[in-house]
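So that we are looking at the same thing, I have put the structure below in structure tokens.
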């Protein structure tokens, strides 16, 4: 089962980006990766300290969040991640944090307006708000999927809760989690002392197309 | 006296979480642990740099804060910790910080409203404010205990002073100290640009019950 | 080609200042250096993680941003850097970040007023705003150069985008990037609760002259 | 000359506290120490990176800021430090930073009100504002001394400039620099969403007396 061994290492390493960018505290937050070609995912266990999150601590679940491989109970958000993988076949990674600025927009139920070139680049428009949903059934997963389907954004701000992000790879989902907090903070700061300039839709489309197709190696 | 040796190490290590999450500066802030089955506690010494807080620097006091074992004078907050242990037998750890966002709510005498799922999970409702109390007698301890008794919250915001948190273990009290600062910050940010949505009491109860009983390993 | 080897190392090392001062996230932001006496510059490659930015990853381009030496595609901001070098012969280094406070002023299109001695010292007056410009042609470079030419400031806040800074050396440009974020933050904080005092033009001139001529070794 | 060797090491080490608590950027900020029994002080050189500030980089000046021993030019704030030592014989250490929250209060010319027990403990009342003063003569030093003489506070917020702090030892002055930024931040946050409660003068006096006489070892 070498593919899940490799993915456990990737997912464990990506959790270190959450602490590096101060997106999480204590044991909150989680990264998962779809196991390619299998109805499985690799995800963080529930309530384990980030200092102890080596590859061996990661768990493998099915796409309903039920434990398949590993010693520990899966993240309590496993059902939400699993729902996303079941309904969005293009998604290879999911991330959830309570990063403070993104969560503050979520607490007000207010989308982050596309007033920075960086937002146009990565999110292709405003970053949308998803519904309030209680943990324990499919509500959170459904809220994520329904919101993301009507947007180009890889991030959704779940009301009173925090951001969920997706990507073709788990690394791309982590990048979106880092960027959503960064732009949530910058737009918050801009709004504190006035009103940021708007970027036109044509310009947003131009920036989004270029960044998605030209940026990087 | 191996039990206090082990607790000295635990308490010393937990102080590192206060600096990791930037809840304290210089020598401010302190963690204590009840010595199980004894009328004793382990606590940080007064005015010692966090760089020098190894296990051997920790002191043991009775439950009035009087030194029993150790070379150094106990924290000037020892009497407040001791009062909590005398009056709340379920408490195994106490933490005090002046973390900036929680202390800012305390300075205004304003409870942190339960507008995030994370607040419902950990605190079970609004995070309450305790009275203004001067150091030097039982006032601080009494204010902590009276406020916590009428709340599910493990954290109290002492007016003009800062947060005190409790837990069944010292680690749980430190977790509450980390989380109270995190939610104090996020709700502050949310409130700067508007009014966060309210979470209904039934939903708070659902979240609190689940987190207290299901989360973690 | 030892001169570009040395410059690759200098430029790689300077990128570490961007992460040290939290001016950049993920792969955003870039530093470049003019190759003295040649129509060449050394710049960061596009979309590469800061952990992987050793000297060997840096690329050499001509002063239109076209790759001359190196394995990787140049930063997508290479054309803007190159435009600056073509039109400002006194510039030896250029830096671009999306640092949050400076970018917030840029999002509102509001210059940072010269209300701190540190702003007078380094920037010689208000820190100006440049036009909104789309990536892909000379617009960004032209906006930077036209704005800087009518100011003593080594920093320009490009609308909805972020700061660009210049210097006689790449290190001086990085210093300006660090300082523009610092003063953007301090003036933001000051303005949140009132109106900072103004510094008179004579005093600004005095401070600027002294800092430019006397400060340092 | 072993006493200045030892003080060079102490002063070099204390500069690391300025970076640890993010009170300074780049080469800004400085710590000095009076050489006991001599009309000399040890101070940071001008414009040297914090990475290069070992004991050997420190310089010794007379109490007019003129170089007596060392290879490098003294801090451009040496004259201000020297003025303090000449006029306040009880002072053994002086610190200057541009820490953002304290500098923001300074930019508005607004004292930090004594609304936290930590302010009463360390500063004994409101933290006062000093005059606007230009570098280059005795103005800054005179402004510091005149302001501190009419206050119990070891910190003064120099208008449009930043905080200066003093102490019986250089370590005590650094502690005051760390604490003035911490309380500047907490009171700023408190004031953003309302008005902090006031602490009565009797209570301030009680807290100040206790902290100055009982706290620590």
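For reference, chains read A, B, C and D in written order, and residue numbers begin at 1 within each chain.
Quick note on the criterion: a contact is a pair of C-beta atoms (placed from the backbone, for glycine too) under 8 Å apart; a residue touches a chain by one contact, two chains touch by 3 or more.
What you see is a predicted model, and the numbers here were worked out from it, not measured in a lab.
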| item | value |
| --- | --- |
| Shared chain contacts [chain B and chain C, defined touch] | A, D |
| Distance-maximising chain from chain A - centres being C-alpha averages | D |
| Chain C against chain A, contact positions shared by both copies (same if over half, else different) | different |
| Separation of chain A from chain D, taking each centre as the mean of its C-alpha atoms, in whole Å | 44 |
| Chain centre separation (chain B, chain D; CA means) in Å | 31 |
| For chain B, residues contacting two or more additional chains | 192 |
| Complete list of chain pairs which touch one another | A-B, A-C, B-D, C-D |
| Touch list for chain A against partner chain C, complex | 21, 115-118, 175, 178-179, 182, 185-187, 189-190, 192-197, 199, 203, 206-207, 210, 214-217 |
| Complex interface listing, chain A residues touching chain B | 25-28, 45-48, 72-73, 76, 98, 100-101, 103-105, 107-110, 132, 134-136, 159-162, 188, 191-192 |
